[in-house]
Each structure stands twice: as structure tokens, then as C-alpha cells.
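Please find the structures below.
Heads up, the next two complexes both have chain A, just with different partners, chain B and then chain C.
Entry: the complex of A and B
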């Protein structure tokens, strides 16, 4: 029993590390633009397909796949934002949030139209799982965790130390004051969408490496991403990471007590609890 | 020499509402000018109009001999006008050091050396450089906000009620800092609730009532005027 619990916690940690990357993207977009962008699921799917296509067509290595998938999802994200959501911003947060759900469906079906509904897997050597004590862990999962950590570190360093990252945080903090200081919030918003959608795309690649991909890849983790961001505090980057790890572990541990069908309920329960008990989230700056 | 010349401006927020009704002010080189008046007189609106945050409906704004009436806030700041808002005037989630740096976003090459100047001028900012701005006390925060306003090397500083909410001691310290800055030649235009203290350090003052000029004159003289005092001393 204890071994099972430990194994599920470990699995959950790995799931959480994968959810964390798109959750950071989701939260960053929320922090700067002040609306939940549910199209993040489609951006993850698009990144996954871009990565899979590069891998199966050119046999590119993982670092190249991640970099290019980041850019592809980022560009699609900015284009979709400018053509659709940006025009709806004057109509208010709720309108843009609902429109992002519609945008998500459109992009998901565009992927379906281009690549079909089949499951696809990256072209990777199959490696046996490692056994450490009584726990199983796959080499691919370890690689994913390391990649995820490296990406988190890169995002953290960028936001913390680069002038552009500081400008992003300034706009997220107080866009009126940022404008007074000569920072153009519109330009920062575009860059944030690029980064957020790009991170979602990278998350899609990591998910694809872990299992397989299809047009629903992003949609399947959307609730977990949203729950992670709300749990950690919408708009907080460290919060998104903490939230993702907690959601991932809670989902896996729930398997010990409930049938797998109920796994998705964990996200809803987490959102319900956090909104009731602590609406600004674990690490959030302000209430929703 | 006149640096700022605001002539007969009309402005307001809503379509029909007129808060400023042909108000006029000038600021000369090296002056501290304070605008006082009862609540709702349009003092802050006038300051925001100079900063480009409130559009000019009629009248003109000239700065440094140039007509800037049509410029927005980004354009006005590029001409050398620096506005320090009354509230939410620092980035609470950034460190003091980053608040200063980000305030010279378009002058990154000079930002670090200017920040050193600010650290020398206001040692408390050097002490607190690694602290998040939201952890500062009210007085420290106002000093930071003013230093942020100076990071763009402006030609004139606009201060919107800099001592609002401060303890008398912190307010005195801030007035000292404002005087010291002005003595080095920085023209300052400010709006203040603490009218007497503000007028006493001001070269000139304007009394604004319901969007119109009601009186003006040398600061200390206005502060002592028995006919002016009831207008702004809250009864």
C-alpha cells in the first residue's frame, strides 16, 4: 500500500511537471492580459503536432523540437490573438474568455483537418523502466522532468533578470504606471501571448514524448492546467508550478481510491475548494 | 523663462462633464508651483491634463516653447514631463532596484548610473534596494515614486498629492526632499492637500475653484492671506 502510494506520488510529480509548463503560459497570459485564455489547450496540441512532424519527418533531436515547437505555437498564438481575441477585449473579460473556448475548438479542428484523428507517437527508442527500490520510473520520464526543470529555470531567469521580463512584470503589476514610464503595454501583451502559447506548445511536446498525441491532447489536460493556475493563484508563475505539482499528485493518488474515470473530477474539486476557502490561490497576489 | 504654459484649458472625463473651465497656469524655470483648492476643484485633473492623461478639449498646453496639446501621455513623457501619480505609483511586486531601472526603460544605457545617483541622493533606497516596493512604508514609497519620476531625467516633475496619507514627520521629510530637488533647478508643479506647508515652500501658488482660477500669487503670501485660507483649510 505504501509502495503504491509512493509510486502514484512519483507518477503525479511527473504529470505535474508536464502540466506546469502550459500552466505557466496560462498564468503569464492572465497576469498581463487579465483574462483566462482557454485556447492554450489548442496551442499545446499544435506544439505537439509541430514537434511530432519535425521528429518523424526530419528526425530532429529533442532540443530543436522544443525550440521550434515553442516558436510555432507562439506564432499561431499571436496570430489567433490579433485576428480574434484582441478585437473583443473592449467587450470585457467574460466575452474574451468565452471566445477563447470557441477559438480553442476551431484550432483543434484545424489540427484534425490537417493530421486526422489518429494517435501518433514520437519516433523514440523504447527503453525499459528503471527500478529504484520498489519504484518504477522510465528514462523518458526522467528526461522530461529535466527538460521541464530547465524550461522553468529559463522562464524564471528571463522574468527575473532580463529588461523585457521586468517590463512584463511591471505591466502585470500596474499597466497604467508602466505606460507612464514609457513601456507600451500593447507590445508587452503580444510578447506575453507569444511566450504563453509557446510554453503551451512545449508542454504539448513533452506530453507527446510521455504518451502519444492526437487532436485532443491539449483539451484533455485543459482542466488540469486551469485548476493548477487557479490553485496556485491566477497570474502567479511560481503558483502555477506549485498548483501543477499538487494537481498532478492529487490526480494520481485519487486512482488508489476511485476509478480512473473520476480522475478529471480532481481538477473541479480543487477549483471549488480554493475558490471557497482562499480565492486568491496559494501564492496569488489578489482575489479573483 | 516660462517652461510650462497652460492657457484656458477645458477638460473633463465624461462627454458632457466639464471639470476644468478655462483654467490657466504657468511654471517658470526653477519654480515650485502648487495648485490648491477645495475638493472637486479640478486640481488633480489639471495635473493629469499636463501629463497627457486627460485630453484637452479646448485651450493649449505649451512645454519648453513647443505646443504639446495634441500629445498623449507617452508623447508628453518623451518631451520631458514626468508625472508621479498619487496612488499605485510604484510596482509593488518588483524590488526597489527594479522599480528604478524600469522607470528608465527607454534609456537603458544610462539607467544604472542614474540609479546610483538616486541611491546617493536617497540613501534609504540604497538600503532597501532588494526589498519589494510593497513592503515600504508610506513615506519611503513616496520617495521611491519621486525617484522613479526622476529616472527618465525629466525637465519638469508633476507631483499629485505627494504627502497624502503620510504622517506629519514623513510629510515634512518629503517636503524637504522636494525643496532640495528644486534647489538643484528642477521645476516642480504639484497638487497638495497640506496647503499651508506646500505653499510655504512654493515660489507661487494657484487657487482653483470649480475648474476656474480664483487667485494666485507668491506661495507664502497666499498661505497667509485671510481671504484664501477658508477656501482650502476645510471650513
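Entry: the complex of A and C
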């Protein structure tokens, strides 16, 4: 029993590390542009397919795949945002959110049009699980966790020390004041979308390495991403990481009590609970 | 051909009811319900289960309304006081959870097999052609009644109060409007209308399964309401029929494209739906029939 619990917590930690990357992307976009971007699901799917295509066509190594998938999703995200969403911002948060749902539908079906509905897996050497004490752990999962940690570290360093990162935080904190100080809001918006969509794409790749991918890959994790971001506090990047780890562990531990088919419902329950008890989330600002 | 037309118009009527439901909450208090397909499913399953146990259809419709209201209030009670984007996320999750329950609670919903043999009132007596015609008349009558009712609501003190909440809820609260109660009441009525649409769908189709309640339906209805004009019940109704016509029209066009397999054709159609919604939001955000704002009375 205790071993089962420990095993599920460990699996949950690894799931959480995967969700954390797109959740950071979602939260960064929310922090700077103040709208929930539903197209994050399609960006994850696009990243996953870009990575899979590079892997199966050129046999590229994992680091290259992640870098290129980041750029592909980022470029698609910026182009889509500028063409379809940017001009709607004055019309209000809900209008942009609804438009991002329409955008998500278009992108997801563009992937379906090009690649079909089949499941696809990365071409990876199959390795046996390691056994540590009584726990099973896959080498691929360990690699994913290390990659995820490295990406998180890069994001934190970027936001903390680079001029762009500092400007993003300034806009997120107070956009009027940031503009007064001469920060160009359009440039920051573009940089944020690039980073957010790119991170979603990387999340898609990591997910693809762990399981397999199809055009619904992003849509399936959307609820977990939202749950992570809301749990941590919408717009808070450390919050998104904490939220993702908690959601990942809650999803896996729920398997001990509920059938696996209800795993995605955990995210919803978490959203309801946190919004009823502490709407601003664990590390967020006010939500009223 | 005739039965196809009857079928399409009936579905149009059911979509019109969903559009009226969305228009009430979106055009009214300015919040969005991304779980419309979920409420649609709740109504459909509620009446299927109740009438399946032997209750008359009218009881089934009543329990569908009740189920919609209860689910709506349970889920939104904690979130209606928050900003609108939170409600959007919660309702999106709700629709997914309702679909999971419909898929997995086989004792209640028969899972992926769906529920068949749902009572179709009078069909065995009058034959299916007459039933389809009669049902179209029935659904259309309900749509017209709902439209008249909701239009009346728009011009009532309640309608003005919820639009005040939409424009500026702090100001509305300052003017003494019970903001939270207005939101709850509006959401409850909106959920009831969506559930009623589901119940009517259930008795029309005689068969429902989780596949009938894809999140895509919610997007269709958003397209209908924004194309028709947010805040204008007549616009929502016209928008819904227009969307059904658009969906049926693109079905034929997509089949004619050379070198495109059925899956790709379906993907193209869904892309068109997304593109249409984006185009409406960009080019005509006020919709076909813009909202009519009543001028303030001169004092």
C-alpha cells in the first residue's frame, strides 16, 4: 500500500514536471496579456508534431528537437496571435479568449488535415525500467524530468536577468507604468507569446517522448494546464510550477481510489475547490 | 429530401434554443458559458433516464430543467463572484466532466453505447413522417415562445439590471443591484434553457450517446450568437439557423473537393467554423442584428 502510494506520487511528480512547462507558458501569456489563451493546446500539439517529424525524418537528438520545436511553436504562436488575436484586445478579455478558442480549433484541424488522426510515437530506444528500492522508474522519465528542470531554470534566469524578461515582469506588474518608462508593449507582447507558445510546444514534445501523440494531444492536457495555473494563481509563474506538481501528483494518487478514466476530472475538482476556498490561488494575486 | 429538410430545421430549432441560452448569459450579464454542450447533455440524459424509468415525457422535460439548474448552480456558486475568465475555465471543465460521467457510469447512462429507445411521443401512432413534421412544429413553437419570453425579459427591469451588471458590476452594486443574485438567477435560467434543448433533442433522436455532446457544439453556438448579434435574442435565433445552414452547406462542398479524404474534409469544415468565428469577431463584432440599447428616459 505504502509502496503503491510512493510509486504514484513519484509518477505524479513526473507528470507534474511535464504539465509545468506548458503551464508556465500559459501563465506568462496571462500575466502579460491578461487573457486565458485556449490556443495553448494547439501550440502544444504543433510542437509535438514538429518534434516527431524532426525525429522520424532526420533522427535528430532530443536537445535539438526541443530547441527547434520551441521555435516552431513560438513562430506559429506569434503569427497566429498577430493575425487573429492582437487586434481584438481592445474588445475585452472574453472576446480574445473566445477568439483563441476559434484559433485553437483551426490549428488543431490544420494538424489533423496534414497528419491524420493516427497515433504516432517518437523513434526511441526502448529501455527497461530501473528499480530503486521497491519503486519503478523509466530512464526516459528521468531524462524528461532533467530536461524539464533545465528548461524551468532557463525560463527563470531569462525572466530574472535578461532585459526582455525584466520588461515582461514590469508589464505584468503594471502595464501603464511600464509604458511610461518607455517599454514598448507590442514588442513585449510578441516576446511573451513566442515564449509562451514555444514552451507549450516543448511540453508537447516531452509528452510525446513519454507516450504518443495525435492531434488531440494538446486538448487532452488543457484542463490539467488550466488547473495548474489556477491552483498556483493565474499569472504567477512559480505558482504554475507548484500547481502543476500538485495536480500531477493528485491525478496519479487519485488512481488508487478512482478508475483511470476519471483522471482528467481531478483538474476540474481542483479548480472548483481552489476557486471556492482561495480564488487567487496559492501564489497569485486577487481574483475578483 | 423532405425528411432531410425537416430534420435540419428541427436541429436548427434546437441550436436556436442553445443560442438563446448563451445569449442570455453572454449578452445579459456578460459572462460566457463554455460548458454549453455539458448542459445540453445533462438535459438530454435527464429526460432519457426519467422517461426510461416509465415517467411521462412532461415529467422528463421538467426533470431536465431541474437537473440543468441544479448542476449549473452547484458548479458556478463559488465562481460567479469572480472575474468572467474564471467562469469560462470552470464551465469548460464542467462539460468535460459531464462527458466523462456519461461515458463511464454505465449503470446510469449505458456508457459509450448510449441510450436508445428514448420515447418519441406519438411516433408509433402517427408514423415517422408525421412525427417529424409535428416535432418540427413543436420545436419551432418552443423557440418562438422562448424568443418572445427572452425579448420581453430584455425590456423588463430585470433585463436592464443584468445589463447594468454587464457594463459595470461595481457601479451596479453601488446603485443597489444585488449583483451576485442577478448573476445566479441569469445563469440558472440560461442553464435551464440549454437543458431543455437537450431534452427536446433526446426525444427527437430517440438515441443519445456521449459522442453527441462534443465540445464542438459549444463553438457552433458561439459562432451563432456572435454572428447573430450578442445581446439580441432574435439575432441568436437567426444565427443558429444560419450556422446549421453553413454546416450542412460545407458538408456538401467538402465532399466535392478532389484529393481530399473524408477525415481531411471534416478537418477543413472545422477549420472553416473557426475561421468564420474569427472573421465575425473581427469584421462585424456587433453581429448581424446589433443590440438595441434603450435610451434612458428623460427626467
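The definition used in the following text is that the second predicted complex is superposed on the first by the 287 of 288 C-alpha atoms of A that agree within 3 Å, B and C clash if a C-alpha of one lies under 4 Å from a C-alpha of the other, contacts with A are read in each partner's own complex, and residues count from 1 in each chain.
In this section, contacts are C-beta pairs under 8 Å (C-beta built on N, C-alpha and C of every residue); 3 or more make two chains touch, one makes a residue touch a chain.
Fair warning: this is a prediction, and the values are worked out from it, not measured in the lab.
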Query raised in the report: Given the touch rule stated above, what does A:166 touch, chain B (first), chain C (second), both, or neither?
Result: first
Query raised in the report: More chain A residues touched by chain B or by chain C?
Result: C
Query raised in the report: A:95 contacts which: chain B (first), chain C (second), both, neither?
Result: second
Query raised in the report: Now for A:183: first (chain B), second (chain C), both, or neither, which partner does it touch?
Result: first
Requested in this report: Kindly classify A:106 by the partners it touches after superposition: chain B alone (first), chain C alone (second), both, or neither?
Outcome: second
Query - First (chain B), second (chain C), both or neither touched by A:174 - result: first
Query raised in the report: Of the residues on chain A, which ones does chain B touch that chain C also touches?
Result: none
Report task. Spell out the part of chain A that touches chain B in their complex, as residue ranges. Result -> 163, 166-167, 169-170, 172-174, 176-184, 285
Report summary line: Per the touch rule, the chain C residues reaching chain A in their complex are 30-32, 34, 75, 77-79, 81-86, 88-90, 92-94, 96-97, 100, 103-104, 216, 219, 222-223, 226, 263-264, 267-268, 270-271, 273-275, 277-278, 281-282, 285
Report summary line: Seen from chain B, its contact residues with chain A in the complex are 51, 53, 73-74, 77-78, 83, 85, 88-94, 98, 101-103, 105-106, 108, 148, 152
Query raised in the report: Which of the residues in chain A end up touching chain C in this complex?
Result: 35-36, 84, 87-88, 91, 93-95, 97-99, 101-106, 108-110, 112-113, 116-117, 222-223, 226-227, 230, 234, 259, 261-262, 264-265, 267-268, 271-272, 275-276, 279, 287-288
